[in-house]
Every structure is written in C-alpha cells, then in structure tokens.
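The structures come next, written out as structure tokens.
Both complexes shown next keep chain A, but they swap its partner, so chain B is in the first and chain C is in the second.
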Partner chain A sequence: MKHLFRNPIFLSGFFIIFFIAFVCVFAPFITSYNPNAINLKEALLSPSSRHLLGTDTLGRDLLARLLYGGRVSLAVGFVAVGISVLIGVALGSIAGFYGGVIDEIISRFIDIMLCFPSFFLILSLVALARHPSLYIIMAIIGFTSWMSPARLIRAEILSLRQRNFVIAALSCGLSQRRVIMRHIIPNAWGPVMVNATLSMAVAVLIESSLSFLGLGVQPPQASWGNILLEAKECLGVGWWMSVFPGLAIFFTVLGLNLIGEGIRESLHK
Partner chain B sequence: MLRFIIRRLFNIVFLLVGISLVSFLVIHLSPGSPLGGVVFNPKVSLEVKAKLTKIYGLDKPLIQQYLDWLRRIVRFDFGVSLLDGRRVIDKIKERIPLTLFINLISLFIIFLIALPLGIIGALKKGSGLDRAITVFVFVGFSFPSFWLALLLMQTLAVHWQIVPVSGLVSVDFPYYSWAGKVWDLARHLVLPIFVSTFGALAGISRYVREEMHTALSSKFIILARAKGLPQRLILLRHALRNALLPVITILGLSVPGLLGGSVIFETIFSLPGMGRLFYEGVMARDYPLIMGLLVIGAVLTLLGNLLADIGYALADPRIRYEAEEK
Partner chain C sequence: MGAGVRTLIPILASDSASAEVCSFIFNGLLKYDKDLKLKGDLAESWEIKDGGRTLIFHLRRRVKWQDGVEFSAQDVIFTYQKLVDPRVPTPYSGDFKRISAIKALDKYTVEVKYTHPFAPALASWTMSIIPKHLLEDKDLSKLRFWENPIGTGPYELVRWKHQQLIELRANKNYFEYPPFIERVIFRIIPDSATLFLEVLSQAVDNASLTPLQYVVNAKSALFRKNFLKFRLPSHSFIYLGYNLENPLFSDKKVRRALNFAVDKKEIVKSIYHSQALVSNGPFTPQSWAYSESLKPASYSLEKARRLLEEAGWQDRDGDGILEKEGKKFRFTITTNQGSFLRQKIAEIIQHQLKKVGIGVDIKVVEWSVFIERVINQRNFDAVLLGWSLSFDPDLYDIFYSKKTAPGEFNFVGYNNPEVDKLLLAGRRTFDREKRKAIYTQVARLIYEDQPYMFIAVPYSLSCLHRRFRGVKPARSGYFYNFIDWWVEKQERKYMF
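Moving on, here comes the complex of A and B:
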C-alpha cells in the first residue's frame, strides 16, 4: 500500500478517477439544472456562462447531462466488473485448487467462451433482453467478461499451492475452504486488482459503445454514449455535444488504465 | 508437425461443439421465444404461430432441437432471416469479404507501425522517446474508437469535406473509370481503416516493446554482444526473431477484438460488412441471423487461433520438436 501511494502513475490515475467520481456523485451541488428538463427555447446553445458546456438539441444543459450520465457509466463499470470478478474468482480458484476433472471442465468451458468475440456475445444478449435496463446491461457485461479473471486466478493458485506456507497450512489440518479463502486468495489479490481496474476501463468503453449504438442506456436517461449518439444525429452543428462526452469517457478510461498500470508496477517492486 | 496439427484439430472439433452448444443455449434459455416478436403479435393467428413452432421444431424436447440444429449448422444452414426470408448464410457470405479486407489491411498497418515503435521503446527504455511512445500508447488505449470516428467525421468529412461522410461508394460509382472506382473506394475506406488501426495499435506496440525487452535482456544476447557481433545483427537476427514469436500469436488472438470493433466502425460509417449486418440483426431481433453470425464469428476466432498456433510452430523449432516427440 505504501508503495502504491508513492507511484506517480497510480496517483495520477487515482486523482483523475477521484475527481470524476466526486463531481458525478455531488452533481446536484455543482449544477442546478435538471438533466432531463427540456427547454426548446434554449436548444443548441454554445458554451456560455449560463450553460457552461452548452445545451443539446432539446435545450437540456449539457454539463448536467454529463454529470448525471457519469453516474450511469461509472456504476455500470463498477457493478459489471464486480460480477465478473466474483464469478471469475469463484470458478478460477475452484479449478486451480481442486485440479483434475473439475479443472478440466472449467478450463475447457473458459476456452469455449473465449472463442466468441465478446462484443458479439454482448450484442446477442442485448438483442434477447428486448428492452435492456441498466441492471441487465451490468449483468450482461459481467457475465461475458469473467473469463480472464478466472484464468488469472487459476494460474496464481496453481503456483501458490506449491508454496511452503500453503503446504504448511494444509498439513496443520486447516480445511481446504479455509486455506483457499484465508491464505490463497489474499495472496493472489494483486494481479486480480490489476485485472479488475483494466476490465473496468473496458466495461466503461463497452457501455458507452452500446449506448452510442442505441442499444445501451435508453434516453431520456443520460449516458456519455447516448449523448454522443445525439451528437452524431446532428453532425456538423454543436461541436460541444461531441467533444465533451468523449473527453469524459476518455479521461475515465485513461484514469482506470493508469491505476491498473500503477498497481502492476508497485507489485513488481 | 503432422501430429501437432492432428492434436490441434481434435481440440478444435471439441471447441466447435462447445461453441454450438453455447450459441444454442444463449438463444433458447433466454426469456422470450426464438420466434421473436411474432409470439406477441396480435395480428398473427394462433394457427400460424403453431405452424411456425412446428417449422422451427420448438415443440420437440430441447436435446432433440439442439441435435437437429447441429445437423443443419455443420452444413452452414442457419435457416432463413426473419427480416427478408433470405438464407442467413447467403447474407453473411456477401458481407464477409469487406470486413476481412478492412481488418487485414489494418492488421498489416498495425504490424508495420507497432514493430518499429516497440523496438525503439525497448532499445531506449526509459529515454524521452520511450516515454513519448508510452504516453501515446496510453492515450491510444483509452481513446474510444467510436468517438474518434465521430470526431474525424465531423472535422474531415463534414467541416473540411476532404473525405466522404459514410458509405462504401459514391452514388455515381458505376459510371467511374477503373482508376476512378479504386480512388473512390479508397476515399471511403480511409477513415474506417484509420479508426480500426488506431484502436489496436497501442496494445500491440506495447506488447512488442515488452517482448523485445525480454529478448534483449536474455543471456544469448549478452553472449552475442560478448563475441562482438554488430548491433544490427544482434537486433535483427537474435532479438527480433525471438520477440516476433509472441507477436505472431497476439495477431492471431486479436481476431475477436477486431470483429467486435467492426460492428462499431461499420455501423458508424454505414459500411456493408459483417459487423453492420450483426448490428442490423440485433436491431431487428433477427434471431436466425444473430445465431448464424455468432457461430461464424466464433469459428473465425478459432481459425485465427489455429493460424497463430501453426505460425508459432513453424517459426519456433522448439515447439515443433516437442510435438513430434510426444
């Protein structure tokens, strides 16, 4: 932990994400506009002191939509990664610790799942869900991205279980469950955290891509992706509509990537 | 070598069965019927619904349905599209070439740029140049490809009107001369290829850098230096050859990512490729088409993996011999 907060890469990522999360969570204190309040008299205004980032085609304040939309994007990323890490750690540690037939079954299943282009799989599930709500999108992204944490933790455990402290714990008569939960998983945690932050970056990108294609978060609820979709529909007017949401996505993903890289570096020290 | 390929083929048959099973379950175990909106459509009579159920075999047990479906898809028969009644495989077939063409070109460009970037980064690790490349890599990683597409469209296509906004060819394409046609196609494909290249470039150049660095710090390079080989030979003959092996693999493994990316940029630029077909299928809830594309996408991924493996085995004698000994 000490290493981590001295690592400049981690720190810069941490501050970016902290800032974005802070302004999104405290959105009502930063802007007084309602993100969904339509005011056609003020449609497509360029940035000014009244509307800091301008307004969209329906006269909604862009800053308000960005801040409230950020809540959606961050929440989707966070929950989706939570689901994928939970499934991945469970399956991966079972496969790695028990080995044999169980390992064979789980590993082959991972191989099969990895054959599907993940965006194809996600889109198929979105199509099946008919009217994808926020929760369904979180679940879909989570259920299609657990394979890499699973593989990672399996490999970690395979190497950890040869180590003396695990052999010692087992020979002391501790139950296997306890050894996995108390001794192995905490030691495999670092690489999993790296993987989790990097996959949260990917999850934010996937959510905004889906919303940009009109298949994710549905209007009037704002998300960075669907604001960009609106910008695409009035291409050529209102540059602020296509620049600011993109910047928000870019900095969020960059921040998460930096955090992941920072943790990776400090693990190797 | 033969044994190696046979062993791989066994594995592939197993994976193909798995792919078919997962695709089947995804469609059939989800809420809602594979018939899609028809079930809830009040304009469709009960008899028609019953008939459709019978045609698609939805009244049979699930295992039977799967086996029937499997029997059809090994002949690439995915049924007909719900949208226009055309055979799914025909619809896919006419869309594959464009997607493959764009992706192969961008893979080629990626390779061309990532290799020198990675090598420079590894050689001058920690220098200003390396840092600049690293920053570029992080920016590239984090840049949403659809945003890049949107910005390029807005500036280059709408504002300055240097390139067309979208589509594959201009309206008066049939009247152009041969050279005019090529030029028109190129103008339409410049932005899509740039966008699809940009997304993957960062990751792969980072990868080349890591591999090159590992190769450069291994003992045989120290030996080569000690016996006085010129730097150029050390670099090209010894380090690069070893660093290239994992790079071959990563190119093969990048197929699923590229296919997923195709959905995004083909949709944005209205290009009639496989990715846009998938998007259209999803929008129309055209389940036979979605299922067909899901299976074809997985098969293409598998093919990429296989090519990577064979390329690796051809390039690395250690793997070849190991496989022969077994």
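Moving on, here comes the complex of A and C:
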C-alpha cells in the first residue's frame, strides 16, 4: 500500500476516478437541475452560464444528466466487476486448490465460456431479457466476465499451494477453508485487483455501448451511452451533446486503466 | 432508404421499402397521377357499370414483360387468384375478397364483378400485376425472395445484395418510353446520421431527412450548393393507441382527459421542429376525406383534471399519482426501437401526464418482437405508433369492430356500432361528396371516442441532388414522373 500511493501512475488514475465518483455521488449539491425535467422552451441550448454544458433535445440540463448518468455507469462498473470477481475467485480458488477432476471440470468450463465473443454474448442475453433494467445489465455483465479473474486466481493458487508457508499451515492442522481464505487468497489478491480495475473500465464501456445501441438503460433515465445515442441524432447541431459524455467515458476508462497499471507496477517492485 | 427490402414480390410487400422498389419494376392496372387522381397504367381505360357492381378494364396492347412475353388479361386474373389464395401471406387480400367474379372477356379486356358496390375497388387495382407465365407453378408462400423479378415497369433488376443495395437498370422496351436515367441504386442505410453524412459527401442523391436535419443541418452551404430540400404533406399520422380491454382505458372520459393533458402543439414544435401538423383525427390533410371543420382539442390541464375526477380518479394519499378503488393510475407506453422521434414523444407524454397525476413507464422494443409479442398478442397498455394510409379513405381495416384477430389492424379493440355502420356505408357509396360526409362523421365519432390519442401528421422531408432536371413536385410527391428526369451530360457522375 505504501508503494501504491507513491506511484504517480496510480495516483493520477486514483484522482481522476475519485473526482468523477465524487461529483457523481454529490450531484444534487453540484447542480440544482433535475436530470429528467423536460423544459421544451430551452431545448438544444449551447453551453452557457445557465446551463454549463448546454441542454439536450428535450431541454434537459446536460450537466445534470451527465452526473446522474455517471452514477449509472460507475455503479454498473462496480457491481458487475464485484459479481465477476466473486464468482471468479470462488471458482478459481476451488479449481486451483483441489486440482484433479474438479480443476479439469472448472477449467474446461472456463474455456467454454471464453469461446463466446463476450460482447455478442451480452447482446443476446440482454435481448432475451424482455425489459432490460439496470440490475439485469449489471448481472449479465458480471456473469459473463468472471473467467479471467478465475483463471488468474487459479494460476496464482497453483503456485502458492507449493509454497512452504501453505504447507506449514496445512501441517499445523488448519482447515482447508481457513488456509484458502486466510493464507492463499490474500496473497493472490494483487493480480486480481489489477484485473478488476481493468475490467471495470471494460464494464463501463459495455454499459455505454449497450445504451448507445438502445438496449441498455431505458429512457428517461440517463446514462452516458444513451446521452451519446441522442447526440448522434443531433450531429452537427449540438456538439456539446456528444463531446461531454464522450469525454466523461474517456476519462473514466483512462482513470481506471491508470489505477490498474499503477497497482501492477507496484506489485512488481 | 432506412430499412432493408424484404421481398420483390409486390403482392407480398407490406413494408414501405419493398413497396417502393416494386413500384419501379411493376405496374398496376391504374396509378395515381400528380394530383392523386386515378389514371390508367396497364389499363388504357375502364368502365363502371351496374351502379358500381361491375368494372371493365380495357388493357393496353403490345405490353411486354421484361423477358419478352406479352402481357394479357390472364396475368390480371392470375394476380387476383394469388391475392385471395389463403396460402399466400399477403396483407392486401381484404379489398379483393369483395370480388364475386372475374373473367377475361377477351385477351385485352377484364370484367370484375362485386356483390355490393365497393367504393375502394378502383383504387385497389393500383395493385401491381405479376406475371402468370413465371409464377404459375410456384408456391408464393414459400418463395419469399424472388431473386430475378420480371415486371412490366420502367426498370429491371440488375443485382440485389440483401441489406445493402438494389441496383436497377432502365427497361429499354418500357411501354411508355424508356426512362432517361439509366441506373437506379437503392442503398440501405438504417442510421439517419450516417445517411446525412453520405448526403453531404454526395454519395447519395436522394434521401429522407429528419426534422432537425431539415431545419438546421440543411442550412449549411455545402448542402445548399448541391441539394434541394423538399417538404411534402404525408399520408401518415402518429398516435398513442390504448388497449381498450384494459380497465384503465375503458372509460371514455379518461381517454378524453388524457387527450386534454398532452400538449400536441408543443410536441410538434419541439420534436418535429414545426415540420408536422397537430392531428385532428384519422384523416390527414392530404386526403379528400379530411375535414377542416374538425378541430383538435386544445391543451387544458384543468379540463383534464376535471374529467379524471368525474371518472373517479383522485390522489388520496398525496403521492402525486391518482387512485381509484385502491388502484394507481400507472401504465406503460410501448414503442418500437429505432425511432428516435417516437421515443422522444413518449418521454414528453410521460412528462406531461405526470402533471395530472398519471404515472407512465416507457418500454422500447425491437420491431419484430414488437409486432409479434406486443401488437399481435395485444400485450400492451398503450402503444405509440404511426399509420401510413392509402389514398382511399376507407378505414374499415383499422376501426371496424371485427378486425381484431391477431395480425389484423384494430388491435386496440375499438368497437362503436355507429362507426361500424358508417364504415360499411362508406365502402358502398361512390359519390365523393356523400362519401366525404360519411367519413367526416366517422372522423368526428372516432375523435370523440379517442381510441387513439391523435398526435401529429408529420411532413415527409427529403432532399434531392440538384443535377436532376425535369423534377416537378406536386401533391403526390416528386417521383411520379421519374422516367422524365434527366441529367445534363457534363453533370453526369456515373457512366455505363
């Protein structure tokens, strides 16, 4: 941890994400506009002191929509990755620790899941859910992206299992569960964290892509993806509608990648 | 065009993209001229006898199908047989089922008999005629794609890349005279923003525009230098159809209240950028049955609130949503994916109905799912949709009380015996003035009943490259004289 906060890459990423998360969480204190309040008399206004980032086709304040939409994007990233790490760590450690037939079964299952091109798998699952809600999307992204944490942790555990402190712990008579939970997983945690931050970036992008395709967050709720979808209809009329949500996605993904990169670097020190 | 062409068999073409391409390859017995009057196409002239019970068509002689075989009365009879064949999945059978007998008096004369005088009969014969000699032994229900359609029309098919493009070539033997424009290519570009970029780079010559593109983007110098923009009245209207079996909407007062609570002028102004009219009922100003005297209800929250209260809806627990007998007034508007404007309209309705205490959820569904699961299974509270009407004002299919089976068009379940009676009378009346009076009454009754909330009649907006000469916009659009268009030699872009 000490290394981490001296790492400039991690720090810059951390501040970007901290800033974005902060303004999204405290959105009501930053803008007084309701993100879904329609005001047709103020449709498609360019940025001004009244509407800092301008308004959309229905006269809704873009800043408010970006901030509240950011909550959606970040929440999807967080929860989806949470689900995938949970499943991944559970399956990966079982496979790695017990080995043998269990490992074979789980590993082949991982291989099978990895065969599906993930975005198209997600697309078809979302299409199957007749009324895609935020929670369904979180769950779908989570349940389709647990394979790489699972593989990582399995490989990590395979090597940890041979280490002396694990053998020592086992020979002291500690239960297998306790050894996994207290001695192995904490030591395998690093690469998983790197992977988790990077896949959070991917999850944010997937949610935006789904919403952009009209399959994600449903109107009138805002998300960065569906703001962009609207912006597409106003290409050449309202530059602010595409530039700002684009920048928001860009910086979020950049920040998360920097954090992941920072953690990776400090692990190797 | 926005959607891919599904079939080039004209009697199966129910989507507008297919119908448009078919109209270049095939002819009907009659067609609409520039003023939307019926005129002969494959028929040179026609007679109406027996007070409308008998039609006699005198066909044009020496018309050849594009493969060289001569066109005759047998093709007309064959087309009729296919249209009423229950195995052929055509949406156009309704008008032709009224025919009691059809026969060829000679090679160039067809006699059609109806049991009752049937006013839309003439208009129904604008249906494209298909070749008997090529399709006689084919099962049309299985033959979804006819890869090399042969018609009598001014253009013939060169190639067809599904979901990409269709290329047509001038028919040198066209019975009027060969068109001047040698090739026509239809490209399928579903995304309106991409389409406009293609327009700006002059990769397409004719395209439809969204209201925002028409009003704002088309002001750019680059656009104006190369393109003309057109605004033509359309034959379609946008509406919110209620599921009348849903107890929420069974009370006419409630439906009228909803109509008062939604500000259609605001929708026209902000969503259509004023490129639409407020709808006053099931007819559009383009139709001769349209009546100026019907005025759309004006926006009034007070009237809406009063009607809702009279119907027993009140907000007793103060949560901003009305209740009646413990049930909250909350419903879902379903619309199809891919229509940006409709989604925006749904959001405005949601916003405006909240003011009178009605909660609305919006559900956007992919088109084929929308038709199969939502419309055909009547699995909706309210749907936001549009109708494109034919030129004949017959509304039988949409509002007659018995047309409610899956796949039929009265999916809201509208049932008014008086309207039923008038709709039947309208079909049996030939005199245009009398018919107009009937349909004015129909429109008035329907507007009073509000099975739909009639929202807007959008203009059809499009652009066309300036190098085309001979273009004469009229009431029916500007494609009616396409075979007369030409491009000056020095302006030609494509050589063949």
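Methods note: the second predicted complex is superposed on the first by the 269 of 269 C-alpha atoms of A that agree within 3 Å, B and C clash if a C-alpha of one lies under 4 Å from a C-alpha of the other, contacts with A are read in each partner's own complex, and residues count from 1 in each chain.
Methods note: contacts are C-beta pairs under 8 Å (C-beta built on N, C-alpha and C of every residue); 3 or more make two chains touch, one makes a residue touch a chain.
Keep in mind that this is a model prediction, so the values were computed, not measured.
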item	value
Touched partner set for A:173, first chain B, second chain C, both or neither	neither
First, second, both or neither for A:212, with chain B first and chain C second	first
Partner chain in contact with A:186 - chain B first, chain C second, else both or neither	neither
Most chain A residues touched (candidates chain B, chain C)	B
Chain B versus chain C as contact partner of A:232, first or second or both or neither	both
Touching partner for A:258 - first (chain B), second (chain C), both, neither	first
Which of chain B and chain C A:127 touches, first, second, both or neither	both
First, second, both or neither for A:220, with chain B first and chain C second	second
First, second, both or neither for A:100, with chain B first and chain C second	neither
Chain B/chain C common contact set on chain A	127, 130, 214, 232, 235-236
Chain C partner contacts - residues on chain A that touch it in the complex	36-38, 40, 43, 57-59, 127, 130-131, 214, 218-220, 230, 232-237
Touching residues (chain side chain A, partner chain B) in the complex	108-109, 111-121, 123-130, 201, 205, 208-209, 212-215, 228, 231-232, 235-236, 239, 242-243, 246, 249-251, 253-254, 257-258, 261
Of chain C, residues touching chain A in the complex	191-193, 196-197, 210, 212, 216-217, 220, 266, 269-271, 337-338, 340, 343-344, 346-348, 350-351, 362-366, 369, 373
Residues of chain B defined as touching chain A within the complex	14-15, 18-19, 21-22, 26-27, 30-32, 138-139, 141-144, 146-147, 150-151, 153-154, 158-159, 165, 255-257, 259-261, 263-264, 267-268, 278-279, 281-283, 285, 287, 290-291, 293-294, 297-298, 301-302, 305
